[in-house]
Amino acid sequence: ANTKVTFGTNWLAQAEHGGFYQAVADGTYAACGLDVTIIPGGPQVNNRAQMLAGKEDFIMAGNMLEEFNAAAEDVPVVAVAAAFQKEPQVILTHPGKGKTLADLKGMKLLISDQGYASFYQWMVKTMGFKDENREVYTFNPAPFIANPDIGMQGYLSSEPLMVEKQGGFKPDVYLIADYGWSTYSTLIETMAGTVKDKPDVVKCFVDGSIKGWYNYLYHDNSAANALIKKDNPDMTDDQITFAIDKMKANGIVDSGDTLTMGIGAITDARVKDFFDKMVAAGVVKADLDYKKTYSTAFVDQGVGLDLRPKN
Amino acid sequence: MAVIRRAIQSLGQRPKVLEMARVDKTFNGNVVALQHMSLTVNEGDFISLLGPSGCGKSTALRLLAGLSHPTAGRILWEGAEATGDLSVVFQEPTLMPWATVAQNVWLPFRLRGQSYNSVKDEVLEVLRLVGLEKFLNAYPRELSGGMKMRVSIARALVTNPRLILMDEPFAALDEITRHKLNKDLLDLKAKIGCTIIFVTHSVFESVFLSDRVVVMAARPGRVIQEFPIDAPYPRGEAFRTSAEYAAHCRAASDALYQAMGEVA
Amino acid sequence: MTIAETGAPAAEVAVDLEEQRRARNQRVEKIGRWLLPVLVMAAAILLWDRIVVWNAIPKYILPGPFLVIQTLIQDAGILFPALLVTLEITLMALSVAVIGGAGLAILFTQNRWVEMSFYPFAVILQVTPVVSVAPLIFIYVSNRLVGLLLCAWLVAFFPVLSNTTLGLRSADHNLRDMFSIYGATRWQRLRYLQIPSALPYFLGGLRIAGGLSLIGAVVAEYVAGTGGIGSGLAFRILEAGYRLNIPRMFAALLLIAFTGVAIFAVLSFISHLLLHKWHESAVKRET
Amino acid sequence: MTIAETGAPAAEVAVDLEEQRRARNQRVEKIGRWLLPVLVMAAAILLWDRIVVWNAIPKYILPGPFLVIQTLIQDAGILFPALLVTLEITLMALSVAVIGGAGLAILFTQNRWVEMSFYPFAVILQVTPVVSVAPLIFIYVSNRLVGLLLCAWLVAFFPVLSNTTLGLRSADHNLRDMFSIYGATRWQRLRYLQIPSALPYFLGGLRIAGGLSLIGAVVAEYVAGTGGIGSGLAFRILEAGYRLNIPRMFAALLLIAFTGVAIFAVLSFISHLLLHKWHESAVKRET
Amino acid sequence: MAVIRRAIQSLGQRPKVLEMARVDKTFNGNVVALQHMSLTVNEGDFISLLGPSGCGKSTALRLLAGLSHPTAGRILWEGAEATGDLSVVFQEPTLMPWATVAQNVWLPFRLRGQSYNSVKDEVLEVLRLVGLEKFLNAYPRELSGGMKMRVSIARALVTNPRLILMDEPFAALDEITRHKLNKDLLDLKAKIGCTIIFVTHSVFESVFLSDRVVVMAARPGRVIQEFPIDAPYPRGEAFRTSAEYAAHCRAASDALYQAMGEVA
C-alpha cells in the first residue's frame, strides 16, 4: 500500500493550492507511492503546530520569513520547494492614488498583524512607510471601500476581484513582489528529520507537486477544481478562473528560474538576496544560519519541464 | 387643623381615619385569609386585633397599610393618614442587614431627606427607650431576636407618626421589657395623640393597651367580636390589678376560646 | 378631606376608579408583555432601515434590514444547516460548561483548602486567550469534537463556576446549623441545602453562560477551522466577511442574535419554573 | 459512656484535646491559607516541567516553565510595557463594563416595560461576535480608544448586567414594603434598598467581568490593533506565535494569567471589604 | 442501656447528659454574651432558661447544641445525647423556603435516609398536633408568622428525640394555641421521656412546664438564680390555678425583676 502522508495548506481550498489538488486528483502522488491527504487551513488553523507535533508531514508556508523565524527559534523545519516564485501579496488603493508603491507612504494602510511583522517592516525600512499609518486589517475590506483615503493589503487573486464586485470600482493593485519583496511563497515545508530519514517520501511529494502544478496550470484541471470545490463549497468557477489568470499573468508560479529549473525552484542566490533584505530591514538577525532553512536537494532538477507547453 | 381635630375628639366625635368595608382576601384562589371583614378606625383609636395564629391579623394589617389589595370590598383612607404619615412594625424585624442599628432607625428620616446629624437626638432617645443605646453601631446579625424587634419598634416610633400599625411587636420580648414598652407606648400616644392598630395574641396586652379589642377567628379569617375597653387613660399598674381589667380579660379570653372552638 | 359622612361617597367613587384602573392595568400588561418587545424590535429594525437609507450607506458596509432578511431567505439553504452545526456545539458546550462549572463549584465549596488552592487555576483558565492555546489543545486532543468542546468550555464555564460558588456559600446559616444538628452528611448538606440555596445564583450564571456558550462555539469553530463542509455559522460569517458578502454576514449574525435570544428565553423560562414558587426574584407576590 | 462521676475526667481530657485541636487547626489554617496555594502552584509548575522533560517535548511546542520564566525575565523590556498597555485597556474596559452593565440593570429594574423591551438587545449584544462587528465599529467610531473600549465592553458587560438585575430584583419584600410605607421615592428605593441588596450579586458579576475585561482587552487589541509602538500583550502573543517564539508567547500568556489572578484577587478583596460585615457569603461567623 | 437509665432515673439519680462549666462567650472581643455560666442537665430534665431580651439565652442554647464554641470554660456531653439524637427549635422558624411544609417536617427523617412514604404517618400526626394538617403542601412564604414557627416545632418533635433544645418556640403563638402546645409538649415528654431545655421569656410558661427554672441576667449574661419547681407531672389546668403555681411565678418574676434591675 502507499505511504500515507498529510499536507496542511494555509487557507481554505482555492486555486492557489491547485497543483497539489491536481496531483491528488490525477494520481501523480500515488504513482510514486504516496497516499496524500490535503488538510485545508483556515483563518485560525495552525497547521504548523500540528506538523511540529508530528501530526502532519508537510505544510504550506507563506513565505521565507517564516523559515527564518523558525530557524531563529531553533525549530527544525526546512523548505523543500517553492510553489510560488513571487508572493501574491498586494496593496490595494482606490484608483489614482499613486504610481508606485512608494507613493503610498503617507497613506493609512490596513495591514494584518502578520503582514505588519513581515513585509510592512521591510516597507518601513526600505521605502519609509510609517508604523503610525498602519491600521489592523481583520480581513474585512468594508472600511477600505468606505474610505477612499486608505489602502489595504490583499491577496492578488481575492481582494481585487471582491472590491471590484462589491465596491463597484477597480482598485489600483501593487504587487509587493514587483518592488523587491523577493521571497518565495507557498513553500512546501517539512521537518528536518523527515528530510533526513525519509528523503524518498519528500522527493516523491515534491516531484508530484511540481508535476501537479504543471498539469493544473497548462492542462485539464477540472478534476482538481472539483476537489477544491468539494473541500470548499463556497469556491466559484469565476474565482478559480480569475485566480489562475492572475497567477499566470503575474508569473506567480512559473517565471524566472522555473523556466529552466522547473516549477518549485529554490536558488541560494534568491534566498540570500531576501535574507539580506530582511537583515537590512531589521526583521531578522544577521547571524542567523539561514542556509539550514531550505534545501535545494529536491528541486531545480527540471522535473516536469516536459509538461510545460512550448510556446 | 390639628387643633380642630383635638376639639372634635374631646366631644367624642372623632373623625374616621380608616375604614375596611366587607373586605375579602383570598390567596392563590383558595386560601380565604379574610372574609367580610369590616372595621372602622377613628382618630386617636387604639385598636387591638386579637386572634389565633393564622387568622388573618397580619393580612388585615397589610391591607390597612395599603401594601395589599382586597380581593373584594374596599378600604378607605381619610384625613392626614392618607398623606402617608404612617409607621409599621412588621411581624418580622425587617431590618436592613447592611446598615447598623442607628442607620436602620434613621431610615424614616433619611427617606424624608433629613441628615443623620439633624435627627441624632431623636434616634438616640428612641433607642434609649427600647434599651439599645449601647448597640448604636451593631449590625442586625449581631443582635438577639428580641433586640432586632426592638430596633424595628424604635424605627416605627422615632418619627412620632400619626398612625402606627404594629404586628405583634412585643412577642419576642420578656414580660418586664414588654410591660415597660406597653407603658411607653401609651405615654407616647398620650403625648402625640396618634392612632394605633395593634396586632397581638396576648389577651392581657390587648386589654391593657387598647380602647377597642377586635377578636378574629380563623378559616375563614373574620371578626367575631368587637368590644370597647372603656377604662380611662392613662392606665397604670393599678388598672392591671383591677377587677375591671380581669373581667375584660375574661371576656376577651372567652371570645378567643370561641374563635378557636369554631376551628377545632 | 372632609369628615367621614361626606367623605365616604367621594372616596367610594375614588375606589371604584382605583379598581377599574387596576383591572385595566392588568389587561394592558397582559397584552403589553408580548406586544411591546415586538413593537420595540420592529421600531429598531425600522430605525436601522432609515439610517441606512438616509445616510445612503452602501450594502457592503451596513446592509439594510430588509436586504438582510431577504438574504437570509435566499441563503437559507446554506445558513440553516450552519446554524444547526453551531447550535449543536453550543448546546454541548453549555452542558459541559454547566457540568464543569457547577462541578468545580461543588468541589471548591466542599473544602476550603481545595478552593484556595485551585481557584487561581480556574481564573487562569478564564483569562487564557482561547485563540492562543487552541493549537496546543488540538495537538494533544486528537478528537476534534472534544477539542472543540474544550475551547467552548474555556469560554463559558467561569460564570457558572463563580456564581454557583457564591450561591453555595450563601446558604442561610441557621439552616446550616439545623443540618449540623441532624448530623447531615456532607453529601446531604450539599444535596438538600446548598444546591437549592445556590439555585438562583446558579441560574443567573447559566443565563450568562448561555450566551457565552454560543460565543464559545463560534470561537471554537473559528480556531478549529471546520472549514468547508459541515461548517457552522462562525465560518459562514468569516467567509462572507472575506468575500465582502456583507448581507450574508449580517444574515448569519442575525441568526446568531436570534439564537442567543432564544437560548436566553429558554433559560429564563427554566429559571422561572424552578424558582417561581419560592424565590424572591421570581415570585409573583399577590398584593 | 459511663455515668457522670467517672465520665467527667475522661471527658475533661477529651475536651482539652478538643481545645488543643481547635487551636492547632486555627494555627494551621493561618499558615495554610497562604502556603497551600503557593505549594499547589509550585507543584503544578513542577508537574509541567516534568511532563515537558519526560516526554521530551520540544520547546517550540510546549516550553518548560523555567524556560518560560527565563524568557519572561529576558524579554521583560518588551513584555512589561505591553502588559501596561493591556492593563490600561482592561481597567478602562472594566470601568465601562461596570458602568454600562450596572447602569443598564438599574434602568431595566426601574420599569418592567423598559426591561421587557430592551433586554433582548442586551442579549444580542452579548452574543454578537466582536470580531465580526469590529470593522463596522471602526468605520463609524473615529476615536480609536472609544472603539477599543466599545469592543471590550461588548465582551464584558453582560455578566454585570445580568447579575445586577438579578440582585436588584432580590431585595427582601418586607423591606420593599417598608420603603413603600415611608413613601420612598424611586431613587431612594434604588439607593438605599435595591443597590445594597444587589451588592453581593453585583460583586459576583464584577468578578466574572474582571477576567472578561482582560479577554475583552486582548480581543479588542486583536481586532483594533495597537500595532507597533505601544502595542499590548495581544500583539506580543500573536507576533511571538507568528515568529514561532513559543517561549515568549508563553511568557506573555503567563503575564496575562497572573494579571487575571491579580485582578480577581483585588476584586475579591473589594468584595470582602464591602460584604464582610453583613452578607452570608462573606461573614466570618464566630462559633 | 436505656433500661438501666430508666431505673436510675426512678431512684432520683438521673445520669448527667450535658454540663456547662464556667463558660464564657465573648463576641467580637467585647460583647460579653455569657460569663461564668454553669449548668448541669440530667436525663429527663425540663429546664427553662428565663431572662431579659439579649441576656444570652440563645447563645447558651447554641453552645449546648454544639453549634458554637465557648471562649472559655467547657461543655461536656454525656451518654446518648453525644450521639446526636437531638432536636432544636431556633428562635427564627428556619425553614427551607424551597420546600413545602411536609418536606420541611420530613427533613430529620430524610437526613437519616428514610423515605417520605415510610414516615408519612408521623409527619401527618405531628402536623395535626400543631394544627397545620391542611397546609401540608404550602410553601413557607404562604404561611403566617405563627404557622411558620409551628412547622419548626413540628420538625423538632417528629423524630421523638432524646434531647430537645427550644428557643422561645411559642412566642409567636396566641395564648390558647400556646397552652395547648404546652400541654402537648408535656405529654410527649411523659411518653418518650426526653430531656428538654427550653428558652422562654414567659414566667408563667417556665413555671408551668419545667422542673427547674434558670433565671439569667444580662450584660454580662449570667445565671443569677436557679430554682426547682417540684410540682409533680402530669400538670394540668389545676396546677395553673394552684397557689403553688402562683408562688413560683412570683418568685420567678421577682428574680427577673432583679435581673432587670441590675441593668437599669
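Here the chain labels run A, B, C, D and E in written order, and each chain numbers its own residues starting at 1.
Convention: a residue touches a chain if its C-beta (ideal position, glycine included) is under 8 Å from a C-beta of that chain, and two chains touch if they have at least 3 such contacts.
The structure displayed is predicted, hence computed values, not measured ones.
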*Which chains are joined by the largest number of contacting C-beta pairs?*
C-D
*Farthest from chain B in C-alpha centre terms, which chain would that be?*
A
*Please report how many Å separate the Cα centroid of chain A from that of chain D, as a whole number.*
42
*asked:* Could you work out how far the Cα centre of chain D sits from that of chain E, in whole Å?
replied: 46
*What whole-number Å value describes the gap between the mean CA coordinates of chain A and chain E?*
85
*So which bits of chain B are touching at least two other chains?*
27-28, 67, 92
*Where in chain A do residues touch two or more other chains at once?*
49, 53, 140, 142, 146
*Which residues of chain C are in contact with two or more other chains?*
61, 131, 136, 139, 172, 222, 238, 241, 279
*Interface residues, chain A side, partner chain D - complex*: 48-49, 52-53, 66, 69-70, 72-75, 111, 113-114, 116-117, 131-132, 134-136, 138, 140, 142-143, 146-147
_Residue numbers of chain C touching chain D in their complex, please._
32-33, 36-37, 39-41, 44, 61-62, 113, 116-118, 120-121, 123-124, 126-129, 131-133, 136, 139, 158-159, 162-163, 166, 169-173, 200-201, 204, 207-208, 211-212, 214-215, 218-219, 222, 234, 237-238, 241, 249, 253, 256-257, 259-261, 264, 279-281, 285
*Of all residues in chain D, those that touch chain B in their complex*: 172, 174-175, 177-185, 188, 192-193, 196, 199, 277-279, 283
*Of chain E, residues touching chain B in the complex*: 27-28, 31, 50-54, 57-59, 91-92, 131, 142-147, 150, 167-168, 171-178, 201-203, 253, 256-257, 260, 263
*Which residues, counting only chain A, touch chain C once they are in their complex?*
12-13, 40-46, 49-50, 53, 55, 139-142, 145-146, 158, 162-163, 165-167, 230-234
